[in-house]
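Both complexes shown next keep subunit A, but they swap its partner, so subunit B is in the first and subunit C is in the second.
Entry: the complex of A and B
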């Protein structure tokens, strides 16, 4: 399972990906000049209500803010020290609203749909003789490779612990890189043996895992 | 080299960076957790060269934007590009390009110093240029303030540059063809 997508249908899931992206873009521009704390706090509240309207699993996703908390605190403290607490609160709230809304789009939009909404951006690549299909294939490969390399890391770590785990752990980066290169050579050979990317019809961005 | 093979390499280094991001951050001596991910950015540039390195990082960032939680700490999705560290993520392809370009310029030097300098130039100088600019835009701070907030991560990144150079040196012994910036 390698996607933040939440398989829990809601009204936001049904909204086309393009609209959601466009809405976020507009809002990020509109929020920038807002200097009224009450209005900003209202926007934040509205964002939380939006999460609630999508359902409980979405609310649980709010923990994603936890790793960001120290950085937000630092920004708040420095900003209130140099400019004042009002602008510091505005700043932190604006960041929270935009991060949460962007994340909400991610939670409620399948990777495939996101890809389809963004695909028109790749059309100009045809002018440079790059087939947009190749991009889709690269995305598929990346998603497929990640669990494989995770397993390689796991094996290396286990072997390292079995040897006593004393020597510097960073040295594992060497066998990891070498094994990755070998893996890529094998995949490239297998691909060539099957006639290359141009013969593969309509690769999917992700398989059933993300839906 | 065939186009298909380049594409596989591009996807593979992007996946390598993703896998590295899933390794939990190691608390460094300064108490600031360092992630292994920027090590991957340095390696991509040094190993794949400027163009392929940049493409591989662009692919990685694109998939992160699509919603895959592949940035260190399991972060992903569009929220990343609204957050205070957005500049770093956007800077990945440029950092890899810079590291690869530098590695080609310095390819007459022995591999360790050449890749060390390339990794520092791409993975620290260029990457922080983007990271600090992004932090300044999003947090509205002054240049100097923004830079001083980010400076705490630099010691950890210097360690990573040394690791990147050691990896490149080791790979050069075992698989010399894999280091594309030192061919021809």
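Entry: the complex of A and C
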């Protein structure tokens, strides 16, 4: 199955997941007030250098930008029109830097490390008897299934075109929804069949056991 | 009678929106290798899902090696391992080591113990270099092997396989069958490739939610083949 994870080892793999996430958070706050285009462009360059330092497979991942390009162009045009080209360039560069860095973290972090790093953030949920591990697991599953859903879209598009479908790709929304729901059923079954995810002990379940 | 290594169904009924998927099914499986055949929609997949509690019967009793699957799949996962048709539907983690550790952590092992055990089973199956590998870099057959190891590492007593080899080429299929031959577990396998069931101890042929035939492969498989062959003009 396709995954956003890159097994090719690098120095970034060895950095603890918590540091990487914290760094990204700090950077996104720090970048917010930056109004200097040169500085922002430098940050973008640094981001690309960071990708290069991780290795060739990471550089290849930059292809991710291709499907996003029209979106960025649209944002740039809208922003240029409403607040001027300088702010528009700043905004687009800032978004690029953050998206690329976030992508780099998913590429170089194992899922259970990611889970361990974000679980403490959900710790307050324990007050409501919700297991933070469950939420952390849901978040990592989300990351995990983005490329899977992209592949589903790809297959649907191929099936659509193979039978002479035209460019009204939006019509794929319904089959995509149905397929995603079916996929989530399969995944839920597979999860349950291997013991689900460990949770705070549930009194109802332990009653079952003693029966 | 020894109930410890038997799968027993007693008057089991399963309904899905008013239609009977399984109809008053009773049998008891003590054989080491049991194959389940039947046409699409005959209830095979539902039957095996009852064994580990993924589905619950509307009436009747089920006992699997002394345990009642009404406890739910989470409790049954320690005793019953389940391999699905499509590895892409059951592989959850990006790396082999994480995938193999998942069930163990659910069983209460610490992360470190789980990783050690995961590595252990990889070494045992001559795949010690697989631990850090990204699963998406593996072939379909290798992915299915990961799924099987991820279940075996939990040391279940029963292994259920729901058309596990449908997408695999013949060589890979034979290699995985060789692996299954060596396992001490009781194996219940659904398959449309009759050849893979030839060496099994017992075959259940399901039709319309009932057992249509029940016997050795030599008794049941030729009849099943003949019944399907009629439709080829």
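Assume the second predicted complex is superposed on the first by the 120 of 211 C-alpha atoms of A that agree within 3 Å, B and C clash if a C-alpha of one lies under 4 Å from a C-alpha of the other, contacts with A are read in each partner's own complex, and residues count from 1 in each chain.
Assume a contact is a pair of C-beta atoms (placed from the backbone, for glycine too) under 8 Å apart; a residue touches a chain by one contact, two chains touch by 3 or more.
As the structure is a prediction and not an experimental result, all values here were calculated from the model.
Please work out whether A:141 is in contact with subunit B alone, subunit C alone, both, or neither, and reply first, second, both or neither.
Once the two structures are laid over each other on A, A:141 reaches both partners.
A:68 in the overlay: touching subunit B, subunit C, both, or neither? Say first, second, both or neither.
The first partner, subunit B, only.
Pick one for A:7: touches subunit B only (first), subunit C only (second), both, or neither.
Touch partner of A:7: subunit C, not subunit B.
Give one of first, second, both or neither to describe whether A:48 is in contact with subunit B, with subunit C, with both, or with none.
A:48 contacts neither subunit B nor subunit C.
Can A:15 be said to touch subunit B (first), subunit C (second), both, or neither?
A:15 sits against neither subunit B nor subunit C.
Quick one: classify A:193 as touching subunit B (first), subunit C (second), both or neither.
In the superposition, A:193 touches subunit C alone.
Between subunit B and subunit C, which makes contact with more of the residues in subunit A?
Comparing subunit B with subunit C, the partner touching more subunit A residues is B.
I'd like to know which partner A:34 touches here: subunit B for first, subunit C for second, both or neither.
neither
I'd like to know which partner A:183 touches here: subunit B for first, subunit C for second, both or neither.
both
For subunit A, which residues lie in the overlap of the subunit B contacts and the subunit C contacts?
Shared contact residues on subunit A (touching subunit B in one complex, subunit C in the other): 2-5, 111, 141, 144, 148, 183, 187, 191-192, 196-197, 205.
Using the touch definition from the top, list the residues of subunit C that touch subunit A in their complex.
49, 52, 54, 70-75, 77-78, 80-82, 84, 86-95, 98, 101-103, 105-108, 111, 132-137, 143, 150-151, 154
Flag every residue of subunit B that touches subunit A in the complex, lowest number first.
Of all residues in subunit B, those touching subunit A are 2-5, 7-16, 18-19, 22-23, 36, 39, 43, 47, 59-60, 62-63, 66-70, 73, 75-85, 138-142, 145, 149, 163, 166-167, 170-171, 174-175, 178.
Residues of subunit A touching subunit C in their complex?
These residues of subunit A touch subunit C: 1-7, 9, 110-112, 141, 144, 148, 183, 186-187, 189-198, 205, 208-209.
Can you list the residues on subunit A that touch subunit B in the complex?
Interface residues on subunit A, with respect to subunit B: 2-5, 21, 24, 28, 64, 67-68, 71-72, 74-75, 78-79, 82, 87, 91, 95, 98-100, 102-103, 105-107, 109, 111, 114-115, 118, 134-135, 137-139, 141-146, 148-150, 152-153, 170-171, 173-174, 176-178, 180-184, 187-188, 191-192, 196-197, 205.
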